[in-house]
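Next come two complexes built around subunit A: one with subunit B, the other with subunit C.
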Partner chain A sequence: MSVPLKLIYNEDPTKNIGSEVRKNIVRPIVTYNNISKSYGDLQVLKNIDLEIAPGEKVALIGPSGSGKTTLARLLMTLEEPTSGTIEVEGEMLWHQRVNDKLIKANEKHLHQVRGNIGMVFQHFNLFPHMTILRNVMEAPRNVLGLSKDEAKERAVKMLEQVGLSSKIDAYPAQLSGGQKQRVAIARALVMRPKVMLFDEPTSALDPELVGEVLEVIKAIASEGEMAMLLITHEMDFAKDVADRILFFDQGKIIEQGPPKKIFNNPESERLQTFLSRFNRH
Partner chain B sequence: MWFDILPSFWEGTKITIELTLFSAVIAFFLAFAAGFGRLSKFRAVRLLAATYVEVFRGTSLFVQLFWIYFALPLFGIMLPKMVAGVLALSLNAGAYGSEIVRSTLISVPKGQSEAAIALNMTPWQRTRLVILPQALVMMLPAFGNLIIELLKGTALVSLITLSDLTFVATVLNSSIMRPTEIFSVLLIIYFVISLPFTKGIQWIEHRLSAGRY
Partner chain C sequence: MWNWEYAIKILPEILKALKITISATFVAFVVALVVGLMLTLARRSNFKPLSLFAGGFVGFVRSTPLLVQLYFIFYVLPEYGLSLTPFVAGVIGLGLHYSTYLAEVYRGGIESIPPGQWEAAKALNFSTLNTWKKIILPQSIPPVIPVMGNYLITMFKETPILSAITLVEIMQTAKMLGSHSFRYLEAFTIVGVLFLVLSYSSSLMVRRLEVRLNLR
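Moving on to the complex of A and B:
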């Protein structure tokens, strides 16, 4: 199934340079410094260090329960790190510096910093009591403070981009899973975040609906400006879209590199085992 | 005979409806204040709300009414019958209502507030735009029940000699001794009063959930 797309294709001048090089010439948009996260005795993230460059597309792969989702949720401020710090554009996310001491950030500080981040959830999480249009225009209107007309214009344009302008008056319950996820993508994009998180965006979809959602994400990725952190089990998609692949297992980044290397030349045994499970099908 | 007693029934009916409406409005506000209060991030607010709810759920309406009307004067607070009645009924219904508010607020799926956070909404915007509208739809059937309970609870105020429907009926009965007729009429009037409340709630419920599911 093809989706009408009207995305603007901006060539990123640094696109063809490897991500390792890009990191050195631009300040990272996101930095995880020695991040750990535990739930009681269970440690789901173990001393993670990670930098994401502006516009970089990073795909996270790995077995379920390896901590990929938690990594994204920490950045979206849905979950608090147990230790370590996260910076967004050089600004601390979960902490504030007061008199040279790091203290826990308050809601006001979180509000300031998390405006740079957007997220698409596995289960869409559309607002069921709002029409599609209101789902997309509510945040621009209330959070960005746009006028009703401006917010509507922006929302309609965004819904056109994901091929759903005919559904603006429908309610989420009247849409297919693939359509819901496309609305959710539009709802996140309309806020123009600098970093977008995709948490297994196609895992809850029927197989025949996966394609339309992946196509939309690919088109967004090719715009280039926005950094993306993609958690996915779609290996071909990760290979296509990502500049860099991170392989996660048991709360750690086991191996990372450009897609070619990760998929053709996996070094660690765990990654080889993980990939062989996909190649069998 | 009916010609003589119907006007007094009408007077009683008016008092009963007034009691129900006033109490319902105040109970509604109390329910939201205490329901939100129990979910507050401030311990003192949570404690205050919980104390109110447990005290008024844990004691009978009958005793609360008597206490407000007969015991408060000992502390120098003398309330007119109608005020005492409304106060007891609304405090009691508000306590039950707050549990409806609290439980529906927390039963809105977690993904909803997470999506609202991801859109960088402030806590108040999350509540106002995302959580409350969904919780409200779930609250309505329970609020409908509560308002009917409240209506029937008003009968208790006859015990502090407020001349509501039940009071009128008992007085009439002791003078003309026709319990079958009088209490049958009483039954019917209560039922007829409750109908618009039931229908009204159903109508709002229908309106609020239109097109959604």
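Moving on to the complex of A and C:
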């Protein structure tokens, strides 16, 4: 495997980062270096470079199949990049450096770096055989090694925060889609990740349930410390929450910038078309 | 002609042997459950030699008759220094044979788990062991319990084959009683009725279990 070790901070390290966050920056929490991903002949990501600052909220918009979800899945280690490297807090995610050479990371290394990342899925993926409380406390207990009481306390607090403390003994099948997604958010948050990925968190919901989930995400975003990568088709939500918007199309970042600029003065023709299609529907 | 007096006289001895039949069934079933799970996990392993071995083992055991396997374990292994009692040889043979079928049952259960469950477990950073223990197996086994129950019944009905390696279970007992008194009708009828009653009532229980699991 030959991955060039040319690193990241040789130019202006903050060139991809919104100006509000720029002044506070120490180093990026996440860095994508020349990342590509192919399935057979189909290239879904093409040489992506991206840096996310600690606490930065980045929204990914763009047509379906443009590679947004894949970008998040690579960071969650659900899929492996075809080429390029990803760093989390300056540490390689998919690779390890041994004698100045990059080799594929083993499961132990992945396990260690992955702990910084959390993810909320489009289809919730709650554990149907566990109560809501156990869904949320199982990972703190088994992965972080907290005692039963500590894990429970943390889980209950988290469920309060998403407004579901009355449901702790229910099973996922007894909840509405919006409630399920709020549990899934609590389940990811309880691990206190430094980066949270939201993969179209409201796309599988009935329209009347979208609002409650977006409210919860907004509340979390306003707390600030955690970086967020939001993949969404809810443009108003993206505008409200994000520090920076990335417009994806055909595996590339076509345009990026603060929400105001992206929505009010889109430069590229593709973004203009995309947004106009959105406004009509 | 059917002789009630004789039938009642031999019944206690047959019932005593029934204990052997039932315990052989259950011990063999446990062997099959444990080895079956290990085979399933081994076949899914990323370590190629292990998955190839498990696949080869399943193919080999399924393509050879149980009787031959039992003879091999009981009569051939002692030549290589491994002497087993008829009971131990019997439960190993029966258990290993059915482990290959139970491996298939586990596989079906595991493959029915949606990929999202694996992904959620990974996103929460569960270790491989905990992913299996907490997420995958607790979901994949309950739905296949009825199928496992049916294999338990099948194994129960297969136990007379263990008489071939001199295990004194009910079939062997009936044979011995018959050759003693030259009356076969009563002994084999009792054996048949016992199998019928136990298998049929167990299958009713399995069906009720199935309904209950479906309701959940």
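As a convention for this text, the second predicted complex is superposed on the first by the 256 of 281 C-alpha atoms of A that agree within 3 Å, B and C clash if a C-alpha of one lies under 4 Å from a C-alpha of the other, contacts with A are read in each partner's own complex, and residues count from 1 in each chain.
By definition in this document, contacts are C-beta pairs under 8 Å (C-beta built on N, C-alpha and C of every residue); 3 or more make two chains touch, one makes a residue touch a chain.
Because the structure is a prediction, the values reported are computed rather than measured.
Overlay on subunit A: subunit B and subunit C clash in the combined arrangement.
Of the two partner chains placed by the overlay, subunit B and subunit C both lie in contact with A:L78.
Within the superposed three-chain model, A:H111 lies in touch with subunit B and with subunit C [touch as defined at top]. In the superposition on chain A, contact is made by A:R187 with both subunit B and subunit C.
By the document's definition of touching, both partners, subunit B and subunit C, reach A:V143.
On subunit A, the patch touched by subunit B and the patch touched by subunit C overlap at residues 76-78, 107, 111, 114-115, 117-119, 121, 123, 125-129, 138-139, 142-143, 187-188, 191. Those residues of subunit B that touch subunit A in the shared complex are 109, 111-112, 114-115, 117-123, 125, 129-130, 133-134, 137, 211-213.
Residue ranges of subunit A in contact with subunit C, taken from their complex: 76-78, 107, 111, 114-115, 117-119, 121, 123, 125-129, 138-139, 142-143, 187-188, 191. Those residues of subunit A whose C-beta lies close enough to touch subunit B in the complex are 76-78, 107, 111, 114-115, 117-119, 121, 123, 125-129, 138-139, 142-143, 171, 173-174, 184, 187-188, 191.
Of all the residues in subunit C, the ones that touch subunit A in their complex are 114, 116-117, 119-120, 122-128, 130, 134-135, 138-139, 142.
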